Amino acid sequence: MLGPIAQNLVFGIMVGGLYGLAAVGLSLVFGVTKFLNVAHGELLMLGGYAGFWIFTLWGVDPFLSLPLVVVCLVLIGLVLYKLLFARMVKLTEENKIKNTLLVGFGLSLVFQNMALRLWSADDRGITTAYSGQALTLFGVRFPVVRLASLAIAVVTLLLLDLFLHRTYTGKAIRATVQDWEAATLMGIDIHRVYLLSFVVGAAVAGIAGALVSVGYSIEPAMGLEWTLIALIVMVLGGLGSIVGTFVGGLVLGVTQSLTSYWIGGTYREIVALLIFLVVLVFRPQGLFGSKEG
Amino acid sequence: MLTVEEIDAGYKDLQALWGISLAVNEGEIVALVGPNGAGKTTTLRVISGLLKPSAGCVLLRGRSLAKEPAHRIVELGISQVPEGGRIFTGLTVLENLELGAFGSNARKVKDQSLQWVFGIFSRLEERQRQRAGTLSGGERQMLAIGRALMSKPGLLLLDEPSFGLAPLLVEQIFQMITEINRQGVTILLVEQNVRAALELTQRAYVIENGRIVGQGSGEALLSFESVRSAYLGSS
Amino acid sequence: MTGKRIITLVLIIAVLALLAALPAVVSRDSIINMAVLVLLYVALASSWNILGGYTGQTNLGHAAFFGLGGLTTRLLWLSAGWSLFPSLLAGAGAATTLALIIGTPAFKLKGVYFAIGTLALGQVLNVTVGDMFPMITSLPVQQLVSYQLLPRYYLFVGLAVLTVGTAYVLVNSRLGLGMMAVREEEEAAESLGVSAFRHKLLALVVSAFLAGLTGGAFAFYHVGYYPQFLFSPVWTFDALMMAYIGGTGTIIGPIIGALFFVVAKELLALRLVEIHLTVFGTLFILVVLFLPGGFVQAWASIRRALVRQLGARGVRLASRRQAS
Amino acid sequence: MRSRISVLFVLVFVMSGLLTACGSPTAAPATQVPATQAPEPTDVPKPPTPAAIEIGASMPLTGKYGALGAMVKPGYEYAVADINAAGGIYVKEYDAKIPLRLTIYDDESDPTKAVSKLETLYSDQKVVAYLGGAGSDMHAATSAIAEKNGVPYCGVAFALWQIHQQGYRYLFSPFPKSPDQARDVYEILNGLPEGERPTKVAIFQEKTDWGIELGGLWKDNAATYGYEVVAYEEYAPRSEDFSGMILKAQAAGAQTLLAMPSPPDGLAMVKQMAELGWAPEFSLIIRAPENVTWGETLGTTGDYITIFPGWHNGEKFPGVAELNAAYQAQFGRPADLLTGPAYACVQIFADAIARAGTLDRAALRDAVAATDMMTVVGPVTFNADGTGNVLNPLIQWQSGKLELVWPPEQATADLLFPAPAFDKR
């Protein structure tokens, strides 16, 4: 009895790690810039296709090609920021959210169709030679691909956290989150901070997308679903905490898995969402968010 | 050192400053006093580049700041302590101070500046590992000033440093301001606490409805009738 | 009566006359269908705008009200054999009830937390309805054979008028002022004795009622769909985009937004089958970049600029006249 | 003034309500433009010959059914091109051969948009027949429009049977339906020697109408054929994690898996089966593995899985070879699974138009109902409910390729059974 539950838990944690990673990028961008980029799911999709393409064209292992995927997404992020989002920096917070939402919506249409032209509407995914393999520990199977994905998610998260807390630039980002005007008075160029966060957010989305293409599958219309998940996880964890966001993802993933084992597959989403709402009623600032912000 | 010439500025359709001119000489403490909403804070925002004037110009040592973005002006030597301090409450005291030295020149001498600031505000040294949000009101103001000093400014702009503080603390903060000035930092001080400010400063400007309506030495202004009646009340 | 108001009144009457006469002018069902879609979105976006635009609470769960109205109306009208208007009212009532139930907990949340909280709420209903009603709801054959588009068209005309009219009356009332005060500065409004909660709840209830009615009208209009379809978050996002791109917090904004959105998209879809979404997406981005406050704000600034220019010219003319 | 505007709003609202309720008095069928004239006495000159026979389709080229739409669309296009290459269809009413004109719109996998596209086809192009899109939600909405407008509708790529039980007269589907799929799987398994049959069955049922229909039929039929359902698991579409269900099936010792996942669910399901080390001896997974990229995406993990796709390019019917050749030239592979049935739909319409001798939609509908012909999917006749009597082939992924394994007279390869463990593939 305990065996299946433990096994189930393992899968829940692994899917939760991806939820977390998807949300971390969004949360960083939103926290710093107040850009609500609803094309975040599409960035994830592009990351997935980047990994997929590198794998099919050159046969590069999807985990080894992650740096390349990051480079691709950094470039995409740069172009998007310079071309579109840079124009939104000076708007008031409310208008920023509005306009970025609209631009994001337009972008998601464009990206979806680009992907459709480039890769067709078929579902794609990466299967490596070791894809079906699993390590067995105490009778519980740990699929190597998912284990590696989770490890990469955790490492990405830790690196991001270190970057934000240990480097000068990271501290400048955190200061900008709190009070961009005061940050300007420190001599921080908030345009650069915005650009950097946007690009890092895109890169993290790209990593998440590549991992999705390894563990699950990708298709041009997948973006909206991932944007919704990322939004919910971002709020569940609480704004302003990278680690909190990630933990929020884990909580969501584990809840879904346990629900589908105990109550039934049809309820996995409902139960998770209800738990999210209950959390919000009792902690309106999310699990790890502080009221001070 | 700082010359403000004929500045017009405002927000959207609302003009807040009308032809403001003032000058601050090297080593001085100059006060800008006036009632609420007179345009004091707006003047400081124009000087530090947060708000670009629609007419007129700001010169630092004869160099125009018109084209400089706000974050560059810090590197050029003007540092502002905004109203209420606006410290980064989620970061530690030390991190706040480090961010004060964000500019590349200031960053090179960060450790030195840190010792200097700790020398002035020893309380901050004790609390450097604490989250800034846990500090008391007076400590927050000290941190805000200390953070501004970390950029090694030639000119320090202080916006209402006494705001919301107990009288005893106000006195303490003003002593520290004098000390900072004595160590070679020119200061432009915006205050509502006119008596305290005028006692501290060599010179002061009086601003009303976005216009400079009077100037003179601190003591002279103290005896200035309109200032007396307007800001010092019956006392 | 000022001149401006007369113009407004004349414009309104002209638009209404046009709407009333449209079926007589064009005989093509495709045009009437497109008009139905425009009116549907006018109603949906305007109802969203009451809470989202005027009261400043970004509701991302609007589809729940639309869907619940549609579900209830469809069940009563199609399965239980009620006549249309009671079913529509029941649908709107169901949506209103939901609004009353969720209002108190939902307004504990602020800003983006409110937005995402309502999104999750909408998704709960979306998934639940998908689970409980997995079967398609199609009109029975007899009804299909006797299906008439025009009554449906006029229902949507009435609905759009009702929604826009309600929004108009509401925002011009004391309650509307209170709502806008809450949007601008919640605490300041409270200090003036405006209960933020009560105004928000009122806005939510009115918004939900109208969305529920719109859902009901859709249920009457559409021949066959899955009940879950009405709960898709896409309805919310479409309504929000239309309000945003038209201009939130204005009466005309959502109307223009819906018109632009539906007509541009539909025309592109018919002409550029393969790349219509790319083109529409790009067009959308361009509009946002060049008209950042939406159509209404852009128009206002264009008018201001024109007036300024004309004014300047007027002054110049006057001075030249003086000089000569 | 303000109140005057309000009064105006109220007035208009009440009026429009009245119009809605009474049904508009002007709602005469101004839209019912007759496509053709009724047959007339012979001394009256013939009506002018139309330049083309208009047929149209609204299909999901984007959105979640985009992949299905991409397989269906070329089938229609090749069929139309082939018929037009032969000069078109002879229509007795005009005593002339008239070419087909096909209009295709994208409905973004959204039933509301599909409805508006079909209305446009009806009122602007005045189509005499609708070709269906893909995905059962889409068919459900669009077939109702066909019924409403009285336009014959031929749809493929959906196995939903219920949709045919609503009394629709204009809906035709030359495609295997759930009852066929629920019967044939056990028939095929019972072709295996007794004692080797994988009698313990796990059913993973997607909670959608087709899932409920087919899952229920599989369950009901099991006992009749000597099978036992040891795990019956329901799930909502778009679940990322199937481990709970797989673990239960594994624990129950299931040897056969029957499922109907959408492509993303199917890929996730099979990947997780491999990771959890559960390899049923026989898997029938309809839908997801029909995706042309299944083999490429999963490699050997995707092998041994069987499908009821409705058609396969290895079938030995007239026209298949030519279709494959054309497809090969354009896409670099033989025709996809849904391309043949789509092609057949146009063949059926062409045949019916020729037999009806008119472009009148009602007459055309009767002609379609009376269809008895050979197509690229084999012989086709229709039942009264619009379902087709067609071949229901079983195919299997073998070494990254789709092989036709049943019925034996069509087979291109033998059924591989039992499937080995995933790491031994």
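In this document, chain identifiers A, B, C and D correspond to the written order of the chains, with residue numbering beginning at 1 in each.
Methods note: a residue touches a chain if its C-beta (ideal position, glycine included) is under 8 Å from a C-beta of that chain, and two chains touch if they have at least 3 such contacts.
These figures come from a predicted structure and were not determined experimentally.
Participant: With centres defined by CA atoms only, which chain is the most remote from chain C?
Facilitator: Result for the farthest chain: B.
Participant: Please tell me the distance, in whole Å, between the geometric centres of chain B and chain C computed from their C-alpha atoms.
Facilitator: About 49 Å, centre to centre.
Participant: When the centre of a chain is set as the mean of its C-alpha atoms, what distance in Å lies between chain B and chain D?
Facilitator: Once rounded, the distance between the two centres reads 74 Å.
Participant: As a quick test, compute the distance in whole Å between the mean CA positions of chain A and chain C.
Facilitator: 31
Participant: Distance between chain C and chain D based on Cα centroids, please, to the nearest Å.
Facilitator: Centre-to-centre distance between chain C and chain D: 35 Å.
Participant: Could you say which residues in chain A touch two or more other chains, in rising order?
Facilitator: In chain A, residues 112-113, 266, 269 touch at least two other chains, as defined above.
Participant: Enumerate the residues of chain B that touch no fewer than two other chains.
Facilitator: Residue numbers touching two or more other chains: none in chain B.
Participant: Considering chain C alone, which of its residues make contact with at least two other chains?
Facilitator: Residue numbers touching two or more other chains: 127, 131, 234, 277.
Participant: Who touches whom among the chains?
Facilitator: Touching chain pairs, listed by label, come out as A-B, A-C, A-D, C-D.
Participant: Would you tell me which residues of chain A are touching chain C in their complex?
Facilitator: On the chain A side, the touching residues are 30, 36, 38, 84, 87-88, 91, 94-95, 97-99, 101-103, 105-110, 112-114, 117, 224, 228, 231-232, 234-235, 239, 266-267, 269-270, 273-274, 276-277, 280-281, 284-286.
Participant: Help me check something: in the complex, which residues belonging to chain A touch chain D?
Facilitator: Residues in contact with chain D: 4, 7-8, 10-12, 15, 56, 112-113, 116, 120-127, 131-134, 141, 143, 145-146, 215-217, 219-222, 225, 253, 256-257, 260-261, 264-266, 268-269.
Participant: Which residues of chain C touch chain D once you look at their complex with the stated criterion?
Facilitator: 1, 5, 8-9, 12-13, 16, 23-24, 27-31, 33-34, 37, 84-85, 127, 130-131, 134-136, 138-141, 144-145, 147-152, 154-155, 157-158, 161-162, 164-166, 168-169, 172, 222-226, 229, 234, 266, 269-270, 273-274, 276-277
Participant: Mind listing the chain D positions that touch chain C in their complex?
Facilitator: 1-2, 4-6, 8-10, 12-17, 19-24, 26-27, 30-31, 33, 61-62, 104-106, 108, 110-113, 115-117, 119-120, 122-124, 137, 140-141, 143-145, 147-148, 150, 162-163, 166-169, 207-209, 211-212, 236-237
Participant: Per the contact definition, I'd like the list of chain C residues that touch chain A in the complex.
Facilitator: Those residues of chain C that touch chain A are 56, 58, 105, 108-110, 112-113, 116-117, 119-121, 123-124, 127-128, 131, 233-234, 237, 240-241, 244-245, 248, 275, 277-278, 280-285, 288-289, 292-293.
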